[in-house]
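In this document, chain identifiers A, B and C correspond to the written order of the chains, with residue numbering beginning at 1 in each.
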Amino acid sequence: MRKVSRLSRFNVVSLALGLAFLYLPILILVIYSFNASRLVTVWGGWSLRWYHEFFNDRAMIEAAWMSLRVAVSSATIATLIGTLAAVALSRGERFRGRTLFSGMLYAPLVMPEVITGLSLLLLFVALNAERGFWTVTIAHTTLTMCFVAVVVQSRLGSLDRSLEEAAMDLGCDPVRAFVAVTLPLIAPAIVAGWMLAFTLSLDDLVIASFTTGPGSATLPIRIYSEVRLGVKPEINAICTLVIALIAVVIVIASLASKLSSSQGESAAPL
Amino acid sequence: MSARRIFARPARLAAIAPYVWMVLFFLVPFGFVLKISLSQTAIAQPPYEPVFDLMAGWGALKAAFAALSIDNFRLLVSDDIYVFAYVRSLTVAVTATALLLLIGYPIAYGMARLPTRWQAVAMVLVIVPFWTSFLIRIYAWINILQHDGLLNQILLALHLVSQPVVWLSTDSAMYIGIVYSYLPFMILPLYATLAKMEPVLEEAASDLGAPRWQVFWLVTFPLSLPGVGAGVLLCFIPIVGEFVIPDLMAGSNALMIGQTLWLEFFTNKDWPVASAAAIVLLVVLLVPLLLYERLQKRQLEQGR
Amino acid sequence: MTDELPGTDAAAAAVGETQFAAGEPLLRIEGVAKTFGTFRAVDGVSLDIKAGEFFALLGPSGCGKTTLLRMLAGFEAPDQGRILLGGKDIAQALPHERPINMMFQNYALFPHLSVRDNIAFGLKRAGMARADIATRVAEMVALVKLDGLEKRKPDQLSGGQRQRVALARALARRPQLLLLDEPLAALDKKLRESTQGELMELQRRLGMTFIIVTHDQEEAMTMASRIGVMRDGKLAQVASPRELYEAPRSRWIAEFVGDINLFDAESKLRDGHRLVIGTRDAGPLVVAEPREPFGEGRLSVAIRPEKVKLSRRGPVREAGHETAINQLDGVIADICYLGGTTTYKVKLDAGGMLQASVANSARLDVDAYSLNQPVVAWFTPDDCVVLPS
């Protein structure tokens, strides 16, 4: 093994600058969310004033609650359907309509959000569906299941196929081999897929703007309209809360995947 | 029959649910976009003349097809606003992608040269900001770039400028926002190819007498081209259709196509024109996508 | 040791359940063929394997040996032919329906399960009672000497330990037939040799039938009681290791198994019980008349390097036996010292090159030959094999 570092001074400097570029703005935002001053940029001492303001802002709280509900439900549906899609693509070999299927799954990954949003709105209008929680959830599921499918599919693809064969050799039919061996091994990817879907949904402004109805704005829609009117310290507090929420989700998910891998022996399905 | 085929039968059944979902919520809506882009604008709710009514039977359907018009598309190519919007979208995307490559490459290169243990840490560090909300990241920069924001305060304190610089509502602010938001998308594919590269290759090149910069240009960079391609595409395509960043950070005198579409749809309520704009946007994006696919296929064939 | 394994009786009884006449093979492969696209991976193989045999499928990569093994395990179904296990055709049965288990090349241990759960995996599928599973697992752990490692995960084991877990897992169900796909390929040389011994010992003790696939001829020779050499999807020869080495059926097998000197025949002359074969590169060679007559095709004379003796003056001749010994003059052209033996390449005066492998039976090399030294190489007619090309 080579121990000699191949890092040049240029490498170190570019890495340090790059990471500073990525993190400083967020750090500044978090710090200023505790700023007592009404002027966003004048430091007036530490305070939780803007958090207090946020928790008393009914419209904002409602939007946040709506976003959370949409994110949890769409991520869950997307994980279920997206995992099924990944299984079909990586284990289904050739089947009729496979090209169309994979095309439909990959297209939303590269399609501009304005188009996805517009097309779904036109569908909901044509169906005369009442726009609100369910239409946004469906729209987000459609987008995020493609990401879940990609994440899970790449894990399935890198899995040693002889593990499934070994399970069959030891007495499993294909479905039981999948449940007993494949599923536990791709569980971390499924968890990662859910997280990705959750944050994408929580993050989305464009598709939600198209597919939601009056009176049911999501958090990004509210933040967006506030930001358009100018910077408000309350937004700093909300953003910090969202960052904290996402951090918690990431930590829980990584702990869960660690736990599931160390518990394997007692959790082995009989 | 092989082991793979033993598995394939139940696996194919798994396709049913996602297949139905995607047809219903991806393919069919797309048909609607196509249909509405070909119909006439009307001041109503919904604000378009339905091209056909499925309930009205075959005769109505035939009449409807006769009524299809490409007026919306004609408008898109004849009205300067739309043509400018497309040109601006492409210019912004090209410039921003070039900036991303210039900034992202050194970072990815530095990551790939870290000791293996630190590479994983660096990768997490690059991915984590991607998990924080996109809108929040833009907002963080608006905070910094505003008139009495941190950047101007620092510049004034250092006496680099005598008056606050106007950053917001300029193209530079927009480019900062785009670069900041898309940087992980550029770094990750670049890092993936650079990390896969055998360090022996660079050693062999310097052993054969190439100075450092030649090692880079003659060996490292050409070998990282697949990553460059992936990164460029991953950034270029969504930037062309970008809406939020130009809307919040750039001035309103030159619009990108995503903004135009949004404007037609929400403000002017001209759904047919918005739909037509969407179709044109997709066609524009198909070109780089197909190019990339061909490139990848060629690389695969060469690899064999 | 066998007595300590209560399960073995049950396994023997299980084998006995499927009644088949004494002397009938445990496994009969009949005209099995498998095509992938246009590639005929296995091309009409027929083979009988008796209960208790240690059989090796040997061949270069791509010869179809792995495909044949996978058809026995049930991962591929033959396009043609039958596979009879204890008289029952299992060619189209799914893997989990066969009383056959396989040890995979890279072991295919379930990374999310402990050693114990890996071994118990197949027993749980068989619906064995919990207590019986515990007993059987303990027995297997002792059998492959993994005591104390039951709770470890595969990634906490060494290569050799992983190999043992894979073996224990495959043996746990007491299969009628155990398939081993290159079981030792991932081990280093020393460990491979000791494991070979352990596998043979285990097979004898359990009285089980093993089929091993390998590309390593030494491994096949060491472990197997019979070897089937495969080439281009066909069985080229099925024989004991000794027969395979000393009496290969074709020139290709002779070259594939061990080193050999080959001389193309140009003429053939009968002389009593012997043939005198004229070769271009080594002159006339006297060989014993082969047991089976062969057709009119081209022949070659084959001689293993260790059968060739070297001396400075040639063998001491007894009166009347002059023709009984082949004696070729030449000079040493190349010397390769291998420790136990030294391989000399002799440039024959007749024009060809002859390899001779000489045991280094003395530590001080007073007898060693040097480069360009003239020597006489000699061997008896019985040391030669005549092969169709």
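Quick note on the criterion: a contact is a pair of C-beta atoms (placed from the backbone, for glycine too) under 8 Å apart; a residue touches a chain by one contact, two chains touch by 3 or more.
Keep in mind that this is a model prediction, so the values were computed, not measured.
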Practice task
Tell me which chain's centre, taken as the mean of its C-alpha atoms, is farthest from chain B.
Solution key: C
Practice task
Report the chain closest to the protein's overall CA mean, measuring from each chain's own CA mean.
Solution key: A
Handout entry: Rounded Å distance, chain A centre to chain B centre (Cα mean)
Key = 18
Completion exercise
Distance in whole angstrom between the CA centres of chain B and chain C is 58
Problem - Distance from chain C to chain A - Cα centre to Cα centre, in angstrom - result: 55
Practice task
Quick one: which residues in chain B touch 2 or more of the other chains?
Solution key: 3, 6
Fill in the blank from the handout: Multi-chain contacts in chain C, i.e. residues touching at least two other chains, fall at 75, 94-95
Exercise for the section: Could you check chain A for residues that touch two or more other chains and list them? Expected result: 165, 168
Exercise for the section: Spell out the part of chain A that touches chain B in their complex, as residue ranges. Expected result: 2, 5-8, 10-12, 14-15, 17-19, 21-23, 25-26, 28-29, 32, 39-42, 80-82, 84-85, 87-93, 95, 97, 101, 104-105, 107-108, 110-115, 118-120, 122-123, 125-126, 138-139, 141-142, 145, 149, 161, 164-165, 168, 174-175, 177-178, 195, 199, 202-203, 205-206, 209-210, 220, 223-224, 227-228, 231, 235-236, 239, 242-243, 246, 250
Exercise for the section: Quick one: which bits of chain B touch chain A in the complex? Just the residue numbers, please. Expected result: 3-12, 14-15, 17-19, 21-23, 25-30, 32-33, 36, 46, 103, 106-107, 109-111, 113-115, 122, 125-126, 128-129, 131-137, 139-144, 146, 148-150, 153, 180, 183-184, 187, 199, 237-238, 240-244, 248, 258, 261-262, 265-266, 271, 274-275, 278, 281-282, 285, 289
Completion exercise
chain A residues touching chain C in their complex are 160, 162-163, 165-173, 176, 180-181, 184-185, 261, 264-265, 268, 270
Problem - Contact set on chain C toward chain A in their complex - result: 73-75, 94-96, 100-102, 104-106, 108-114, 116-117, 121-122, 124-126, 151, 153, 169-170, 173
